[in-house]
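What follows is a set of structures to go through.
Look at the two complexes coming up: chain A is in both, with chain B in one and chain C in the other.
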Partner chain A sequence: MTRKQINNILIWLATIILVIIIMIPGLWVMLSAFRPQVDIMAKPAVWIPRNLSLLQFETMLFGGSEGSMGRSAVPVLDYLINSFTISILSTVIAVIVGTMGGYAFARYNFKGKNKYFLGIMLTRTVPGISLSLPLFILFARIGLIDTDFGIIIVYVALNIPFTVWLTDGFFRQIPKAMSEVAMTDGCTKLQAFWHIELPLAKSGIASAGIFAFLISWNEFAIVSSLARSTDSKTLTVGLMDFTAQFVINWPGMCALAVVIIIPAFILTFLVQKHLVSGLTFGGVKG
Partner chain B sequence: MKKFYNGPWVLILPTIIILVCIVFLPLVISLWTSFTPYKLLRPDTIYKFIGLRNYQRIFNDLDFWVAFGRTVLFLAIALNVELVIGLGIALLINKITIGQRLLRTLIMFPMMFSPILVGFQWKYIFNDNIGLLNNFLREFGVIDPIPWLVQGNLALFSIIAAEAWSSTSVFAILLLAGLLGIPRDPIEAARVDGCNAWQVFQNITLPFLMPFIFIAMTIRSLDVARAYDIVQMMTGGGPARRTELLWTLVARTGYVDAKMGLANAMSYISIFLSIAFTFFFFYKLMQSRQQLSYD
Partner chain C sequence: MAEVLLKKVSKTYGKVQAVKEIDLQISDNEFLVLVGPSGCGKSSTLRMIAGLEEINSGEIAIGNKVVNNLDPRERNVSMVFQNYALYPHMNVGENLGFSLKIAGLSKEKIEERVMEAANILGIADLLRRKPAQLSGGQRQRVAMGRAIVRRPDVFLFDEPLSNLDAKLRNQMRTEIKRLHQKVQTTIIYVTHDQVEAMTLADRIVLMKDGIIEQVGSPIDLFEKPASKFVATFIGSPTMNMIEATVISTDKGFFMRTNDKIDIPLPKQKNDNVYPEQKISFGFRAEDLVPVKYGSKPDNSWDLDSKVNLSEPLGTETLIFTSLGNKEVVSRMFEPEPVNAGSLLNFSLNLDRIYLFDDNSGKII
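Entry: the complex of A and B
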């Protein structure tokens, strides 16, 4: 064998090991969601999956059925609805507000522009848990603890900086001349924005929205402090609730993990292309 | 008034109002509270000013400094491991010509997992009784289960492993984007002039990658506090506080012990830590960008 061939084999070997380390933990959790409790607890371990079923999902979403571990103590369906309500509403508001801001930063020059931009971005550096303490004090006084509304406005604030950052970049890529031509033809500034610049930035704004949704969907530190009951707890807090039980229900938790991962899975796949460019531009080109 | 409606401010105002109400105002409340002995069970204590006494207490508190030191150590190890492995993965994928796109997608797999899911997944894998890892080791004759999350140092190691699994792909993806953008000419010229692979990497590849490394570091340092979710899920700061990080200590002091004043003082220190990390890497990014344009 030549040196080059050995090299090639080593590269492929490394790649295979890498893929295994990356994929196996997640796939193992997903597989466990469909396995019976006895197989998960079995010793020696049962490696070949058998008796796969949707039992855990039925128990979790629609209450206990025969042969399961009894009615799930965690009201997953309520959490699921909360998760969707909070994530969707906070995303829509953040995208509207953030796109307005991003457009202003891309198209206008004003005094202290860079300072404002940096100031907006700096709000993202505050750790969630640090922000949750004063929000807890504030919300307790004005009655927003444990409400969807309270958590939605917090998530809007979390998502705005990134939306501004992304949409600013997307609007910059659209030549200014296009809206200027439209305006000399008699469009108002708003019409030019609505009919020309917005449609061109559409895919960029959509991916900003997906990022915002994922941040809301995945957030834990703040919602775990501000949510107290089924009124506003989300799925991530629900997963934590499982660990507080006396006996850890592994298959149940795995099933909930699958429910949490599915939307993230689909959405990340959709923004894949924008992921790298979204993260790097502005960073390299300046 | 007409000028206001045509200017940028009407567009930026909603952003600013929301951020002031939800971030800046709470931070002011937080700062004030850190100067009071505020306890959740005695609401009137929020009006009592005690100056810097909370900060004094923190500075003399060994538990705090241990958690602080552990947090810095944790970040130093995690970020370096992520950078080195991420760079390795990027270089590896850069070499592969068939199936590169597919591999790139596979590498993004951990990015789909929220920190709480990463925590759960590794709590399950590292479980000493039924975890995948110990089951796997048993097949190779390791009969005594290894107490991954039960023994202090092992638990911290396990958490770093989980953290590295979840964040390495950010580095790999960004550095790969950087590698793909490197012009071929200087590399080939160096080869012709007799440079070996290491010299090419050190003198050409690495300087080009530097801005990408610092972008990845800056993005990463923005959410270092995601470790809170992972730790809370995997160990809750235990066993016997051996995996307590700054953020879990803040949560425990504030919500479990209900000492809000003290917790807010600690949380201010954690905020400065985050800002310091971000600023450091952002500054480095600007510097390396300038250097690249001078060369």
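Entry: the complex of A and C
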């Protein structure tokens, strides 16, 4: 074996080990969704699954008095609807506003532009958990506690900086001549933006949208303090419903985690191409 | 088709005045070329006419209508950009038809006009391709096609050939000229290449530092340059230019170069100079004749000098030699090989010497 082959094998081994380390927690969650509590809690750990069942999912969907521990079902459907409503709406708003912001930063010069840009980016550095208490107090006063609307506002604010940053980079890549040609071609500024620049920044906007959606979809710290009931609780907060005073329903929690993962998974696969080009800024070609 | 009129037009960027109160009248169907070194304000002028750049002062009129405050789309001009700026997400046909679609024309009408333009430029078989699949020359044609389709009053070209290789550039240059004859529209064309300017223009506007140095036909600029700058900018190879001082002797005026070579001042200029005046005299390569290989002019001054270098170009040969310490170039029209280092007798045609005042740079 040559030195190069040995090197290759070592690199592969290292990669495989790393991938396993990264994937085990996820796999464990998925596996546990189909196993009874005793198997999950068993010591030493049961690695090779026996007794796989869809019981937890049945309970989730049809409500089960025969749930593994006789507990009434968690209102997963309500949470699912909340999650979708909040994530989709906040993403759409953040992308619309953020794209406009990104365009403005890329194309126009105004006083203090760099400071504004930095200011917007800095808001992103504040950890969500530190915002949850002030937001709770504020929302309690103005009556936005436990409403979809309140949570959407927060998520929009969270997602706009990243969208601005990402789309700004994309619009910068599009030659200015492109919109100038469109304008001599008879477009207004808005038409030039709509017909020419927006389609060219498509992959940037798509990746910004995906990120915004995933952030909203997975967010826990803030929503756990703002959401109180089925009116606004999302799936991530819903996970907490599986913990009782003395016991935790691990299979149920894992099953719900799988439900949470699925949309994110599908989305990432569908738009992987955009995502890669979005992050490497290779999306536009003259 | 329209006349374009610029009255005292100025443009400043911050503290820099890019265009300084220029006046210009471009007649209907004229091919006008704005030429000059980079930073001379030619592109800014073009962009102000297109409406892509605001005018700080002055007035621009297209077809008797003042357009200062009109958007680009309301001016009915078409612009071809240096980097083509084809819409990458649309195919060639959609690129061509875009302006008509925006204008709200019917599908049939758009197709008809697109085909018409495509046929003029010979790109009818490319309509379904995306810009990325085209060669440089094809992209250039599409960019021109997109401009033609609209039937604008004025075509604006912003250095359209500078991204092409030399051979294609010559070819496209001819095509642009042919296009002008076909579509009969006013064209304003910006370039920094004097060859393009000379070959394409009905009239050349030579700009420098935001002002117009000279306006005239290509031959005018070549034969009657108004200043030293024009003389050295137009023509290839560049006009030979030598600094000298006018001296008065009993044999009349002479031009004494910095390395003390005395050359008789052409008689017809006698009234315009005075002793000790600092001047530059210029002459074109073809007016320094290697006597052995050309015909000696009537009124000449002779010089024996070594050949430093020769560049055979097929129909002509450029010979680099020295006049005092200064390298000068001579052009001979015989394809004889000339060796570097050989001594030749050159004859300078005094009737075709240009004199420039060194202070003002203007012609004497």
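General observations
Simple rule for what comes next: the second predicted complex is superposed on the first by the 236 of 286 C-alpha atoms of A that agree within 3 Å, B and C clash if a C-alpha of one lies under 4 Å from a C-alpha of the other, contacts with A are read in each partner's own complex, and residues count from 1 in each chain.
One rule holds in what follows: a contact is a pair of C-beta atoms (placed from the backbone, for glycine too) under 8 Å apart; a residue touches a chain by one contact, two chains touch by 3 or more.
Please read these numbers as outputs of a predicted model, since none were measured by experiment.
After superposition onto chain A, the partners chain B and chain C occupy separate space and fit alongside each other. When the shared chain is aligned, no partner comes close enough to touch A:Asp231: not chain B, not chain C. In the superposed model, A:Pro199 makes contact with chain C only, not with chain B. Contact with chain B, but none with chain C, is seen for A:Trp250 once the two complexes are overlaid on the shared chain.
Within the superposed three-chain model, A:Ser130 lies in touch with chain B and out of touch with chain C [touch as defined at top].
When chain A is checked against chain B and against chain C, the one touching more of its residues turns out to be B. Contacts of A:Ala157 after superposition on the shared chain: chain B is touched, whereas chain C is not.
Chain B and chain C, viewed from the C-alpha centre of chain A in the overlaid structures, lie at an angle of 90 degrees when rounded to the nearest 10.
Here's the short version: in the overlay, chain B gets within 12 Å of chain C at its closest Cα pair. Chain A uses residues 284, 286 to touch chain B in one structure and chain C in the other.
Considering their complex, residues 50-52, 71-73, 75, 77-79, 81-89, 98-99, 102-103, 131-132, 146, 150, 156 of chain C touch chain A.
Across the complex, chain A meets chain B through its residues 11, 14-15, 18-19, 21-26, 28-29, 32, 40-41, 44-45, 97-98, 100-101, 103-105, 107-108, 110, 116, 120, 122-131, 133-138, 153-154, 156-157, 160-161, 164, 189, 217-221, 224-225, 236, 239-240, 243, 250, 253-254, 257, 260-261, 264-265, 268-269, 272, 275-276, 279-280, 283-284, 286.
Those residues of chain A that touch chain C in the shared complex are 175, 177-178, 180-188, 191, 195-196, 199-200, 284-286. Residues 6-9, 11-12, 14-16, 18-19, 21-27, 29-30, 33, 38, 46, 89, 92-93, 95-96, 103, 105-117, 120-125, 130, 132, 135-136, 138-139, 165, 169, 173-174, 177, 211-212, 215, 218-219, 222, 224-225, 228-229, 232-233, 247, 250-251, 254-255, 260, 263-264, 267-268, 270-271, 274-275, 278, 285, 289 of chain B are the ones that touch chain A when the two sit in their complex.
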